[in-house]
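Just so it is clear, A, B and C label the chains in written order, and each chain counts residues from 1 on its own.
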């Protein structure tokens, strides 16, 4: 095989790879000068890929790369379920991360709406939040905090790596309006990161989870 | 029609400040004094390593003078730089009178040259980065991806950015609500001074600043304010010679002692 | 090569070919029993594809199939609207890449001007930069660094492959040297008092203050 037809084959390969849909021979021949035998390029490629994990297949008059059928079958056993989180869940997760340990009531207070039943469950099932002991206040409400899986999911090494209020502000994610300044100056909303004292207090009291 | 267009352009020309080719007085498009300095340095047409900082200072001062003559409003940054360069120039002119506190004029000039080189390096790096094979422009992903498992049974389509954005939005919403300004619950400086005064003359040993905090601190914020106030109070009293303060290293623990007791012991 | 390892290679090939985004080695190894050397499978595949129109490229610890860069000119119709970045954003991205992990204040110092609101936000949203933990200096400022998507976007295998990085390093231009101090007012205003609860990781921690 000469250099030229090697280059032609590379081009067909790249075009088919990048294409959003199977391509017909006619369309493919637009990439070449007249006289180039696209059909035989495709056939050669098809042979080359025959034993691979990816095959070049013909669908009617069009061509596309597809996962080899035996592997596709094997892979689909592991079919993954990509879930999207609801807005409420994302917000709740963010609040758990920033305000941990935080009670359900506190989350509701911050969001200004009551939490629907499933929200914390979803986050708990995803393995991102876990009970962090009970608050020593009347009713001894349960508190929530984030887990190691949470850090994994978001590529953080430790909870302390989350951007703080000032940083969210300077990254443009938080309005720098005066009112919020007043808050953060007081330190109220700022970096509610795990403080050793609180940790000890609450981890002392491992008690069963949700009982609601 | 054509005439109208001509007229428009003509008017525009009159209104717009005319640009000078080499020494650009138009502030638009410049990002701070360092940027201007870099542009001026290019006028010298030498490698930044061989740059004459003295000459550059002159160029910059001329630029500022010109800008002011044209009544362009210069941000404070530009003026601070001008003042600093004027100072540097005078230091460069007068032969070394080395004082220990301040870096020499040569060191200052070298520091500025370094900053310019560093900025230039990053600017070039950014340009080179953009000239690389860029995904979606020169290099392409699989156009028609197939989806199989990634082995985890469930995965979630949520990024750290999404999370931060949600939190930011949430907090912004808060701001829209009524803001209640609560009465201060911080530990005031007056309280700290009063408390510290009660220990006057009773601190024979060097004692950690923290041990002077009141016992009834309510929460972390309260504690923080107590530390700040007590520290400030200690400084205040040290100034009046009522206590001595010691800190052996930067950010190390701070100790307090009564001054007279040391003489006795 | 025996049948088994051929099958393994086909599987890796299929999984990577099917995916749009780079996949990490850890994730890929989930498809196999323990003891399968995924890394060497990947290296073999990379060689196999080296001359083709589609290449297997390495991005840090992740891998992806991408069209060969030399074919770019023929693939212009696949071009997406690549976001054009402002000069400030390009410079900031370069600084994040070459100086990482780098704080906002350091970026500002290098550029000699304060960062406007949206700049980091744009880069964060594009997925090119991410928080890289806090600096152990007063105020514990957050640092930023680049991501796998950044490598992918600019066709880099690793950060060390950034254009000119070796030269810059040896010229000392990537050193964290303070700016001219007489001039930089900004630097001076940035020394907040050390907060005791932020000291957690330091050894001579003052005794716990809160005892309730």
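Here is the rule we use: a residue touches a chain if its C-beta (ideal position, glycine included) is under 8 Å from a C-beta of that chain, and two chains touch if they have at least 3 such contacts.
This structure is a prediction, so every number in the text was calculated from the model and none was measured.
S.K.: What chain lies closest to the overall centre, CA atoms only?
M.R.: Minimum centroid-to-centroid distance belongs to C.
S.K.: What is the chain whose Cα centroid lies farthest from the Cα centroid of chain A?
M.R.: Here the answer is chain B, farthest from chain A.
S.K.: How many Å are there between the centre of chain B and the centre of chain C, using C-alpha atoms for each centre?
M.R.: Using C-alpha averages as centres, the distance is 24 Å.
S.K.: Could you work out how far the Cα centre of chain A sits from that of chain B, in whole Å?
M.R.: Here the centre of chain B sits 34 Å away from the centre of chain A.
S.K.: State, to the nearest whole Å, the distance from the C-alpha centre of chain A to the C-alpha centre of chain C.
M.R.: Roughly 17 Å separates the two chain centres.
S.K.: Got the chain A residues that touch at least 2 other chains?
M.R.: 14, 17-19, 67, 72, 75, 78, 155-156, 162-163, 171, 173, 195, 197
S.K.: Indicate the residues of chain B shared as contacts by at least two other chains.
M.R.: Counting only residues that touch two or more other chains, chain B contributes 140-143, 146-148, 150-152, 159-160, 164, 220, 224.
S.K.: What residues of chain B sit close enough to touch chain A in their complex?
M.R.: 140-144, 146-160, 162-175, 177, 179, 181, 186, 220-221, 224
S.K.: What does chain C use to touch chain B in their complex?
M.R.: Residue positions touching the partner: 15, 17-21, 23, 27, 30-31, 64-69, 72, 75, 78-80, 82, 85, 87-88, 90-91, 93-95, 97-98, 110-113, 124-125, 127, 130-131, 138, 152-156, 162-164, 168, 171, 173, 177, 179-183, 185, 193-197, 204, 206-207, 209-210.
S.K.: Under the definition above, what is the set of chain B residues touching chain C in their complex?
M.R.: Spelled out, the residues of chain B in touch with chain C are 31-35, 77, 80-81, 84, 87, 102-103, 108, 111-112, 114-115, 117-119, 121-130, 132-143, 145-148, 150-152, 159-161, 164, 208, 210, 213, 217, 219-220, 223-224, 227-228, 231, 251-253.
S.K.: Which residues of chain C touch chain A once you look at their complex with the stated criterion?
M.R.: 9-15, 17-18, 31, 51-54, 65, 67-68, 71, 74-75, 78, 104, 115, 117-121, 124, 130-134, 140, 142, 147, 197, 200, 208-210, 212
S.K.: Within their complex, state which residues of chain A touch chain C.
M.R.: On the chain A side, the touching residues are 6, 9-15, 17-19, 31, 51-54, 65, 67-68, 71-72, 74-75, 78, 155-158, 160-164, 167, 170-173, 195-197, 201.
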